[in-house]
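Below you'll find a set of structures to go through.
Heads up, the next two complexes both have chain A, just with different partners, chain B and then chain C.
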Partner chain A sequence: MLNLIKRDLLLSFYSSANFFFTVSFFVLILILIPFAFGTQSDQLKLLFKGVVWIALALSIIITVDRIYNADYEDGNLDIIMQKNKTIEYLVISKYVTHWFIYCLPLLVILPILSFLFYLDYFETIQIFINLFIGSFGMVFIANFVSALTLGAKRTIFLKAIIMIPLFVPFIIFGSDAASWPILLGLSMLSFVISIYVTAYGLRLYGE
Partner chain B sequence: MNELKIEDLSCKRGESKVLNNINIIIKSGETLVVKGRNGSGKTTLLRILSNFITSYQGKVSLNDLSILEDNLYNNKFNLIGQKNSLKDNLSIKKNLELWDIIFNESLDHAKLLERDNLDHLINRDVGSLSDGQKKCISLHRLNYNKYEFWFLDEPFVYLDEANTNSLIEKINRFNENMGIVILTSNINLPKKFHKEVNI
Partner chain C sequence: MYIKINNNHIELIKSANPYLIFATIFVFIIGLYYSLFQSPPDYIQGDSMRIMYIHVPSAWFALMTYSILAGSCVLWFITRNPLFNVVARSIAQVGMVFTLMSLITGSIWGKPTWGVWWVWDARLTSMLILFFLYIAYIFLWQAISNKELASKISAALAIIGFINIPIIKFSVDWWNTLHQPASISKLSTPSIDISMLIPLFIMTIACFLFLVTVSLIRFRLVLIENKMLRTIN
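Moving on to the complex of A and B:
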């Protein structure tokens, strides 16, 4: 499992452009808010708390093809699955690297963005905690969608249509600061479902 | 001494039956060439032997223990499929580094590539190589040497004469060290191997 984490991190380091694309995409979506709604500070604050979740959801959606599809298409997934007989370990290592590569940079950049939108320290920390917890749940969902649609080429629209409804609960509860326990529950529930379904999807692919 | 036994193996892919009552016994030091028309189930047979396909009729066993129950079996074979397992946007050197991590074994790639006359490619991006060169690099995985079986799916496709001969030599050396090789091929090979089966 540690091998795979190391390998995926090295791979993303070697193709680091991917990772900058996701961060830029996230920042650009948020930057669109003042263009669309003006620069009144109260309005911006309110909008930021909601749109940051939409930006996170979209950023995760654009990365979904990189989880298993890239390795599936070039044949590396065969070697990886052969070497890791317990597929659940493989799945967990993918959760870790996917979150680390694509969600952590967004959380790191979040404080800078929130100050631009006139949020104070306290509000920033609240959003940070919610996003931190919710992003795990969204990563779990993205992983199982990726595994279940493995082998279907150029189906990012299909994946987006499956994923967006599943992200809705996170977006509903995410913008409310006090609802982090609900987000935690949602993330844990997604983990339980996702690990089972992802492993099933990968086994099915092997067939 | 290993003995890989395939008994009454039949397998369905979708609605069509691709393997029908296959019986093969192969022992340490032997090479089996699997031949057959397109779509006859050669790749399916290799994927069954690699434990990827688990729903089939019949039995595949290594030393009388079913490969589905043998927990150590997956660490015994090296499967080279038709895909190259190379990342197009990375150099060969970086690709080999990634393989080292997956295979959990560090090889002296520079020396091994020099032996196969591929050392001049090491810093090239995989995307800029020809299919033949990619195949040669893909076969470089055979250098990971803790395996008892090689399963090779169409290994001679795209290879020129010199590389074909060098691969045959490698297979012979592996056989001499008591390794078992099962390969699929529709090309008339310059050398006869121990066993041949038509499916």
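Moving on to the complex of A and C:
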């Protein structure tokens, strides 16, 4: 499992363009807010709390093709699955690497952005905690959608249509600062569902 | 639990088709006559509440169809009987139509009553999500080229999407929404007058007949499609 995590992290660091693209995408969506709604500070504050979730959802959706597809196409997935009897280890290592590569940079850049949108420290910490919890849940969902749609090539729109309805509860409870316990519960629930469904999908395609 | 479909069954379905279509149209006409002419207008909403007679049955059947879909997917995983997969695939399109129907009629009713076409409340939004779940189920099957795999994958998605059904059902009780709670329940006496209940009942039967008719036609088509796929592969 640690070997798999190490391999995926190294692969992503060698091609660091992916990493910068996701961060830039996230930042650019948020930069669109003042252009679209004007520069009143209290309005920007309100909009930022909601749009940051949409930006997170979109930046996870554009990375969904990168989770299992490369391994599936060059045959690495078959080899990993033959070597490891318990495929759940592979799934967990993919969760960890996907979160590290595509969600952690967004969370790191979030405080800077929230100061640009005139949020104070307390609000920034609240948003950070909510995004931290919610991003795990979104990653779990993105993983199982990616595993289920391995056979459907070049269908990013279809994947978005499957994923956005499943992201809705996270966005509902995430944009409300007080409801982080519900968000934590949702993330745990999606972990339990996701680990079985991802393993099921990978076994179907691996055979 | 092993049911085998042979050619006799398919012939039976085929021969029953015209009668079912005729019965559906007949019951729809009776139901429309009762709901448009024989039932009294609401004392507050006036004649605009008559759209309820098509809105409520289609919303019920949208939920019921998804429950049947998810249930038959579960049964397919348990029993491995391919019939359940055919049932799930033949019923999905009709469910999508029912969902769209209830959304459209609901917003037509909402304009004179609430003053707006659409409200972002829990019941309406979760119903819209149900529509996208149907779309995801149907188009995921089409997107994957290996059809045996596609059936399994889309069935797994349908089972996950079943989480939405209790949310829709209980959204009016859990959250404080604009959509009114259920007025008709078997367990208690309904809070609706008998003169309005009769056309609603007839329209429900009509919608049920529509569901049966269209999904039986789809059932036959799916079987033919499966046969074709088997000869190609």
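Methods note: the second predicted complex is superposed on the first by the 207 of 207 C-alpha atoms of A that agree within 3 Å, B and C clash if a C-alpha of one lies under 4 Å from a C-alpha of the other, contacts with A are read in each partner's own complex, and residues count from 1 in each chain.
We adopt the following convention: a residue touches a chain if its C-beta (ideal position, glycine included) is under 8 Å from a C-beta of that chain, and two chains touch if they have at least 3 such contacts.
If you're wondering where the values come from, they're calculated on a predicted model, not measured in any experiment.
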| item | value |
| --- | --- |
| Contacts of A:D120 with chain B and chain C, given as first, second, both or neither | neither |
| Partner chain in contact with A:G206 - chain B first, chain C second, else both or neither | first |
| Which superposed partner A:K85 touches (first chain B, second chain C, both, neither) | first |
| Which of chain B and chain C A:N3 touches, first, second, both or neither | first |
| Partner chain in contact with A:D74 - chain B first, chain C second, else both or neither | first |
| Chain B versus chain C as contact partner of A:D176, first or second or both or neither | neither |
| Partner chain(s) touched by A:S15 [first = chain B, second = chain C, both, neither] | first |
| Common ground on chain A, meaning residues reached by chain C in one complex and by chain B in the other | none |
| Contacting residues of chain A [partner chain B, same complex] | 3-4, 6-7, 10-11, 14-15, 70, 73-76, 78-83, 85, 206-207 |
| For the chain B and chain A complex, residues of the former touching the latter | 47, 50-55, 71, 74-75, 77, 79, 81-90, 94, 97-99, 101-104 |
| In the complex, chain C residues that touch chain A | 125, 129, 132-133, 135-136, 139-140, 143-146, 149-150, 152-153, 156-157, 160-161, 164 |
| Residues of chain A defined as touching chain C within the complex | 148-149, 151-152, 155, 158, 161-162, 164-166, 168, 193, 197, 200-201, 204-205 |
